[in-house]
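Structures for review follow.
Shared between the two complexes below is chain A, which has chain B as its partner in the first and chain C in the second.
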Partner chain A sequence: MLTALILVPIIGAILIGFLPTPEGSNLPRKAALAIAIGLFFYSFWLLTQLDLSQSGVQFTEYLTWAKPIGLNYTLGVDGLALPLVVLNGLLTWVAIYSTREKIHRPRLYYSLVLLVNAGVTGAFVAQNLLLFILFYELELIPVYFLIAIWGGAKSQYAATKFLLYTAVSGILILAAFLGIAWLCGASSFDLATISTEDLSQKSQLILLSLLLVGFGIKIPLVPLHTWQPDAYVESAPSVAILLGGILAKLGVYGLLRFGLELFPETWHLVSPGLAITGSVTVIYGALSAIAQKDIKRMVAYSSIGHMGYILVAAAASTELSVLGGVAQAISHGLILALLFELVGIVEDKVGTRELDVLNGLMNPVRGLPLVSALLITAGMASAGIPGLVGFAAEFLVFQGSFSIFPICTLLCIFASGLTAVYFVILLNRTCFGKLDNKLAYYPRVVRSEQIPALVLTAIIMVLGIHPTWLVRWIEPTTDAIAQSFHKPKIVAISQPNLIASFGSDLDR
Partner chain B sequence: MTHFFSQTIWLVPCYALIGAVLAIPWSPGLIRRTGPRPAGYISIFMTLLAFAHSLLALREIWHQAPEYLSFSWLHAAGLNITLDLEVSAVTVGAAAGIAGLNLLAQIYAVAYLEMDWGWARFYSLIALFEAGMCLLALCNSLFFSYVVLEILTLGTYLIVGMWYNQPLVVTGARDAFLTKRVGDLVLLMAVVALLPIAGTWNFTELAQWAQTAQLEPRVATLLTLALVAGPVAKCAQFPLHLWLDEAMEGPYPATILRNTVVVETGAWVLIKLQPVIALSPVASQVVIWIGAVTAIGASLISIAQIDIKRVLSYLVSAYMGLVFVAVGTGQTQTALMFLFTYTIAMALLVMSTGGIVLNNISQNLTHYGGLWSRRPISGICLLVGAGSLVALPPLGGFWALVQMGDFLWKNQPLLFGVLLAVNGLSAFSLARLFGSMFGGKPTAMTVRSPEGLWLLVMPMMVLMGLALHVPLLLLQWQLLPDWSQIDRTVVFLLVFLTIDGLALGSLIYLNEGWKKPVRFGPQFLQDFFAYDLYTAKLYKVTIVFFVGIVSQAVYWFDRFIVDGVVNLVGLATVFGGQSLRYNISGQTQFYVLSILLGISLFLFAIVFPLFNLSF
Partner chain C sequence: MDVANLASQLNAGTILPEGIVIVTLIAVLVVDLIAGRSSSRWTPYIAIAGLLAAVVALTYQWDSTNPIAFLGAFDSDALSLVFRGIIALSTAVTILMSVRYIEQSGTALAEFLSILLSATLGAMFLSGANELVMIFVSLETLSISSYLLTGYMKRDPRSNEAALKYLLIGAASSAVFLYGVSLLYGLSGGETQLDKIAAGIASGDTTQTLGLAIALVFTITGIAFKISAVPFHQWTPDVYEGSPTPVVAFLSVGSKAAGFALAIRLLVTAFDLVSEQWHFVFAALAILSMVLGNVVALAQTSMKRMLAYSSIAQAGFVIIGLLADSNAGYSSMIFYLLVYLFMNLGGFTCVILFSLRTGTDQISEYAGLYQKDPLLTLGLSICLLSLGGIPPLAGFFGKIYLFWAGWQAELYVLVLLGLVTSVVSIYYYIRVVKMMVVKEPHEMSETVKNYPEIRWNLEGMRPLQVGLVLSVIVTSLAGILSNPLFTIANDSVVRSAILQSSLSPSQPVASAIQPLSPSDLDR
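Up next is the complex of A and B:
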């Protein structure tokens, strides 16, 4: 079942890429859209089939592949991976839909987007470390081309930077995985067969640090983030949606799946440092965003800030905070996609992203009123106004992390005030103000261009008003993760009881 | 007796919310054919429904014990968030009051915004406000109170920014949003911190918990101060008061609500939290003194304003300051009664001036004069509103002020002095307002000034009737203070100060012989109050400057240090300075790829034998 999620986009990419189509035909776009919608609905159907009473991996598939090196084709999903897969399907659809129809080299473009989708899905569903790395690297190459070929003026620079960073990230993770399997003496790279309990703390720490740096680049965390604003800003809006909305989530996923789940004991050691890094990231991202003059770059920095919350949540690793962290990953994906989508429309119609030039887009006659309204919603969702999904996720993070890292949590709340500052700057400059009637002859935004933004807004609102529909899928898995993390402590507390009960047994 | 309406009281906020959603499609660009009017009519109809429902529920719940409703919102990972509602005479009465006032304001807006193209937006937002405030009135949970306050913060941003193409409106909306957000976020910190300590967000349970809670003083102080921060921002108290002044750039019908029920959301939450705040003596003192300083300062500033709306807006801050004093000294019942009388008086004041501003196109007091012959109805309404606000027997405000004054006189005489001063200064300020507008000879701006459309006058008259009946209502509800217990000195002093203020104000501003503009003390002092204690400048050189500088510094650091190092390393080592230029040939791309591929393979090759051995 899961194989289909990977194979369909790959086959689709091959077909779109190699089958000849007449010049100027819309066929590749339609085919890609159909595949993306199909994938989204299929993964959503899988979500509804997920057995919420158990926390483990479901829909597993197993194929022995390269036994000597321990690489097996092991797939499976749980409440951590499947919602992200669904998000991947949705954002792929959004990205394809919001691509301009007159794009150059359409066949290459659409097949690359589908390849990214396949790679990301593969990484989410892989239950074998080497298989994960394979997909993790597979997604990298199409993204590189997507940035480089369809990007802005400095896209070559941004793409190279992205490639370098992510490749280093891949190498570090690969090294860590090899180390894990090797030191643990596991028979294969299958996640289920690996247990790090017997490793010395020192080697655990080294391996975990490799993973943290590796995934930290992907998330990205300060100070490993400098590839991110360039890559987001220079790529086309649709590619930025993929990059920020879903690729960054690979980092979060890896951090929780391979960091927290594989090294629960060592996680205790690094968690204070992680929490501090997280809150620094949050504040750093927010402050840098305030200083921006380019709305896309502002959104890019805001994304850095919002990923910091997830790190704080992961560091605290209570049941609530991990749940909040995953929810935040999804809500961030939705909100960021919406923001990039709208910024893309503004840039496309008005022809600039400069805050000092933009003005008065709320104007109902000459401006972009609906886009402005949605932009306000998106900005407020990102700033954490209740009733929108951002608040629900952030609140879970705050409430969950507060008992473990109170100061870091308060700093995060403080930073969400800074979030409001830059979004108000953005909205006041772009949506409010007086439209210059001499210059304002913008092309109309046609209804079809608004559809992805409307869909995303609807999801953001519905999940914000009724967050249960978001958290119910995630909760069983994150509960299990957090419980296994706290197990050593619980055992330590309950040991006297155990001994006592043993004693009473002996007495009998 | 069936309890159908009180059991379905949650519908009251829903009506308004439905109205808000239904009004949106008439925004420009969606439905064009009908014009925007239906948006307003839908919203008014839904408000009427909400008003009727809450009145019927009020009849059911009258003299009954409070009922509690609870709806689960989110149940995850051990956290159970429920939407608790309290259905009692007070809460349902508050919801009815909010819906009723909204109804009047919306009818008023039909005339006031007759030619405005932002109808749908306005009605949608005002209905959102109604929904939020009705929910807040009924809500018995701190968490949802926070949620509502935060949503209303966004609502304030949008409704103040209604006429967004004017620069002052844009800055006003920004400042209102950010100031309120600061308060909200500190409140959020307290909300998050309170749960592990108290284990509940339910106000009733919090009050019980507070009776027995043993908190470390430092924790208690920090926690309660954080709880107070939300109301401080909402009620426009020092030092977060500037937003209300700037929010006056928004449309007048919204001001009817903003000056009354919207700012009272903060006071309402403060009253609900009073048992928790009482945990910390420091916090109680802070509440009292923030309130007292704001009350005196804002009433002085009010006198120095020449903008009609700003004269009133600073009186709002001043009266909310008195509510803070009342809550800080533990008089929550008095505070509620005070809010009731205040709401009607202030709404009437705003309505009566609004109609005048509409067709004289000026908010500048110095442009006015001689309106009494032109608009007696508005004049009478303004007088009734003014009389109801200050301690002028037998109108409503008198009874609330006497009750508060009596308590303060017996317990905290210094605060009674504050109350007296605020009452006197407010009376003077209102007399000044009335005198400047209605006294003297008509000016160029006021020569032609007929009473407005009936839609403007009717809500105003209804409200005036209500204001005149407030004492009877209080009598009916047995809320009038027990006359035998009241110290006569208090009554005498309050009334004396009121009459003093009114008389002095009238003497100066109704008297054409008195030279205008009037000078009080040296120029710098007058400027000090006229420019709102230079708060705007203070913000500019402190917090705004600080955030600006820090963000610039962080961004500089990011560009030139963090990224600079990366680029330097990249230039020096990996590419020998070739490929980081902005355009590179296709060949180099593959070169990069092959390098990376090579590195990966190489690493794999090194590790592979080692790995194989471990089998």
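Up next is the complex of A and C:
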């Protein structure tokens, strides 16, 4: 069943890439859209079929592949992977839909997007370390092309930077995986057969550090982040959606699955450092975002900040914080996609991303009123205003982490206030103020351009009002992950009595 | 000794594949003599058919229980079978790409083919040679044919320069190799057969370790020259740049594979006693090759020079498998060479195609090629990315297998260095791909703007197209469907007696030899 999630986009990519279509035909786009929508609904259907009473991997598939190197085709999903797969399907659809219809070299573009989708899904569902690496590196070249060919002026520089950083992250992870399998004496790289319990602490620490740096590049964490603003800003909005919304989640997923789950004991040793790195990342992202003059760059830095929360949550690794971390990963994916989508529309229509030039887009007659309204919603969601999904996720993170790392959590809460600062700057300059009547002859925003943004906004609002629909899929798995730690039991907290337990946590 | 006994000792059936190649060689010459200039329509296909028949003959020997032939001079075990197969296949693919190239240069095709076939013959014999004289004769057959091939473009001064350089350095390295071999002969008390040499040295005077070390270093010089490992690589870039491209393709795959076959056989049997020493020397060669090959390749502007440095680096990767000294290590080497054959030859086919159509091989001239020649762009991209180890192409699986085998043998430094340098290699491979795919029409190079119309029906273009498509398909699928190749590689290692006896020290043959401890050698 999971194979279809990987094979369909690959076959689609090959067909779109190689079958000749008449010049100017819209066929590649339609085919890619149909595939993406199909993948999204199929993965959503799988999500509804997920057995929430158990935490292990489900829908497993197994085929021996290359025995001498221990590479098996082992697939499976749990509450950590499947929601991310669904997010991948959704954002691929958004990315394809929000691509301009007159894009050049459409066949290559759409087949690369589908290849990225296949690679990311494969990495999420792989239950074999080498298979994960295979898919993790599979998306490398397609993303490189997506940034370089359809990006902005400096896109080739940004793409090469992305390529080198990601390749380094790939080999660090590969080195760690080789080390894990060899030192554990595992006969294959299957996740199920690997247990690091017997390793000495020193080797565990070395392997875990390799993984942390490897996935830290992908997330990205300060100080490994320098590729990220360039890559996000220089790529086309649709590619930025894929990069920030989905590819960064590979890092989070890898950190939880291979860092936290494989090295529960050593995780205690590194978690204070991780929490500090996480809060530094959060504050750095927020402060850098305040300083930006380019709205896309501002969004890129805000993304760095928001990924830092997840690291703090993972470091604390209580049941609640891990749950919050995964929820934050998904809400960040949704919100960032919405922001990039809207920024892309603004740039497309107004022709600039400069904060100093933009003004008064809220103007109901000659501005972009609906886009501005959605931008305000997205800004609020990102800043963590209650009622939107960002709040629910951040709240879980803060509450779950506070008992373990109070100072880091407080720093994060403080930085979340800074988030509000830069979004106020952004919204104030962009949406409010007086529109210059002499310059404001913007093209109309047509309905089809608004649809992805509207869909994303709807999801953000619904999940914000009713977070259970988000966390119920994740909770069994993250609970199991957190429980595998031998630390003083944190009382299991279920969704309804959140506020009460928050109070009691503070009392302690 | 009666005739029947002698015939069974000669066991001449084992060299049937080489016999087929010799017959093919003669057939090519005779057809050329009879048919004259028009023979070029037939000779390449005769040669390819002969080589493929040789490969078929090799597969029939797979289950042979008596591989030793010619009174021990030739060992046709599974290991040699695989290497001979790699060499014959690489020549076949090389011929596919050379037809048009030679036609266009206006030189005689049949002569080229017969020299190429004799080089192949030398390389095939070298893969199974088990005796010093045999090794040297086949090595020289390969080398001298290679010198002739590099200088085949008589009117091109660069080709002449390459041939002269190759000849001078090659002759020097042969001489050094021969000197090392003569030391071995003396130290072992007059033995020429590899397994007897080891026994002879062990039973002889153990104070002669300095001599043995010198013999080791000298023979390694000869081998390292063939596989172009740093620091014996200086000839590579110049020869690659100046020689006819099909010859370069053969040198980078067939000749290299023969070098590795020689390395395995010589080191594992004759130098079993100084195993630690040769491991040390080869580790140094691997480190230098990986670092220097990959780093210098970054700075190249000529495609052929870049591929020269890339082939140096690839040799460094393959040495990791040799050093692992385990079943997995040797079979990962063989697996990597098998996939390297197709990805490297595919790359060279594309380079030839481009230079045939445009007359240049500067990397910057590839800019914007996707507009004019999508097939060439796709083929070259796939082959280069596979060389860089990008999944799901064959090179990725080959590299993982090498690194995994190296890691199991606890060669941590080498594997980590291999990983790091493969990131460097991705950078220079992707640079070419970027030129072709990313550059927009307005950034197109002059050469590509004037790109000729693609015509496959010119004489000699069909084989080129077949070679290109074949290599690209194998490169794309050999990784995903890698099990048969893994099985071949692994079987050949498990079935060859020399590797198994050196890998399991409990064997009676090995225990009879008193191994030298490192402290003995320090004296």
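What we mean here is this: the second predicted complex is superposed on the first by the 486 of 508 C-alpha atoms of A that agree within 3 Å, B and C clash if a C-alpha of one lies under 4 Å from a C-alpha of the other, contacts with A are read in each partner's own complex, and residues count from 1 in each chain.
The working rule: contacts are C-beta pairs under 8 Å (C-beta built on N, C-alpha and C of every residue); 3 or more make two chains touch, one makes a residue touch a chain.
Keep in mind it's a predicted model, so treat the numbers as computed, not measured.
Colleague: Which chain, chain B or chain C, is in touch with more residues of chain A?
Modeller: B
Colleague: Kindly classify A:A392 by the partners it touches after superposition: chain B alone (first), chain C alone (second), both, or neither?
Modeller: So A:A392 only meets chain B here.
Colleague: Which partner chains sit in contact with A:L174 here, chain B, chain C, both or neither? Use first/second/both/neither.
Modeller: The answer is both, since A:L174 touches chain B and chain C.
Colleague: After superposition on the shared chain, which partner residues are touched by A:W182: those of chain B (first), chain C (second), both, or neither?
Modeller: Both chain B and chain C are touched by A:W182.
Colleague: Look at A:C408 in the shared chain and tell me whether it touches chain B only, chain C only, both, or neither; answer first, second, both or neither.
Modeller: neither
Colleague: Using the superposition on chain A described above, determine whether A:L134 touches chain B (first), chain C (second), both, or neither.
Modeller: So A:L134 only meets chain C here.
Colleague: Let me test your reading of the model: by the given contact rule, A:V252 touches which partner, first (chain B), second (chain C), both or neither?
Modeller: neither
Colleague: Is A:A66 touching the first partner chain B, the second partner chain C, both, or neither of them?
Modeller: Touch partner of A:A66: chain C, not chain B.
Colleague: Does the superposition put A:L164 against chain B (first), chain C (second), both, or neither?
Modeller: both
Colleague: Shared contact residues on chain A for chain B and chain C?
Modeller: 68-70, 137, 141, 144, 148, 156, 160, 163-164, 167, 171, 174-175, 178, 182
Colleague: Please output the residues of chain C touching chain A within their complex, sorted ascending.
Modeller: 328, 331-332, 385, 390-392, 396-397, 400-401, 403-404, 407-408, 415-416, 419-420, 422-423, 426-427, 430, 434, 437-438, 482-483, 486, 490
Colleague: Would you pull the chain B residues touching chain A in the complex into a rising list?
Modeller: 27-30, 73-79, 117, 146-147, 150-151, 153-154, 157-158, 161, 164-167, 169-170, 173-174, 177-178, 181-182, 185, 188-189, 192-193, 195-196, 547-548, 550-552, 554-555, 558, 562-563, 566, 570, 574, 579-584, 589, 592-593, 596, 599-600, 603-604, 607-608, 610-612, 614-615
Colleague: Looking at the complex, which residues from chain A come into contact with chain C?
Modeller: Interface residues on chain A, with respect to chain C: 65-71, 130, 133-135, 137-138, 140-141, 144-145, 148-149, 156, 159-160, 163-164, 167-168, 171, 174-175, 178-179, 182.
Colleague: Inside the complex, what are the residues of chain A that reach chain B?
Modeller: 68-70, 137, 141, 144, 148, 153-154, 156-157, 160-161, 163-164, 167, 170-171, 174-175, 178, 181-182, 185, 187, 222-223, 225-226, 284, 287-292, 318-320, 323, 360, 362-365, 369-370, 373, 376, 380, 385-387, 391-392, 395-396, 398-400, 402-403, 406, 409-410, 413-414, 416-418, 420-421, 424, 428, 431-435, 467-468, 471-472, 475, 478-479, 482
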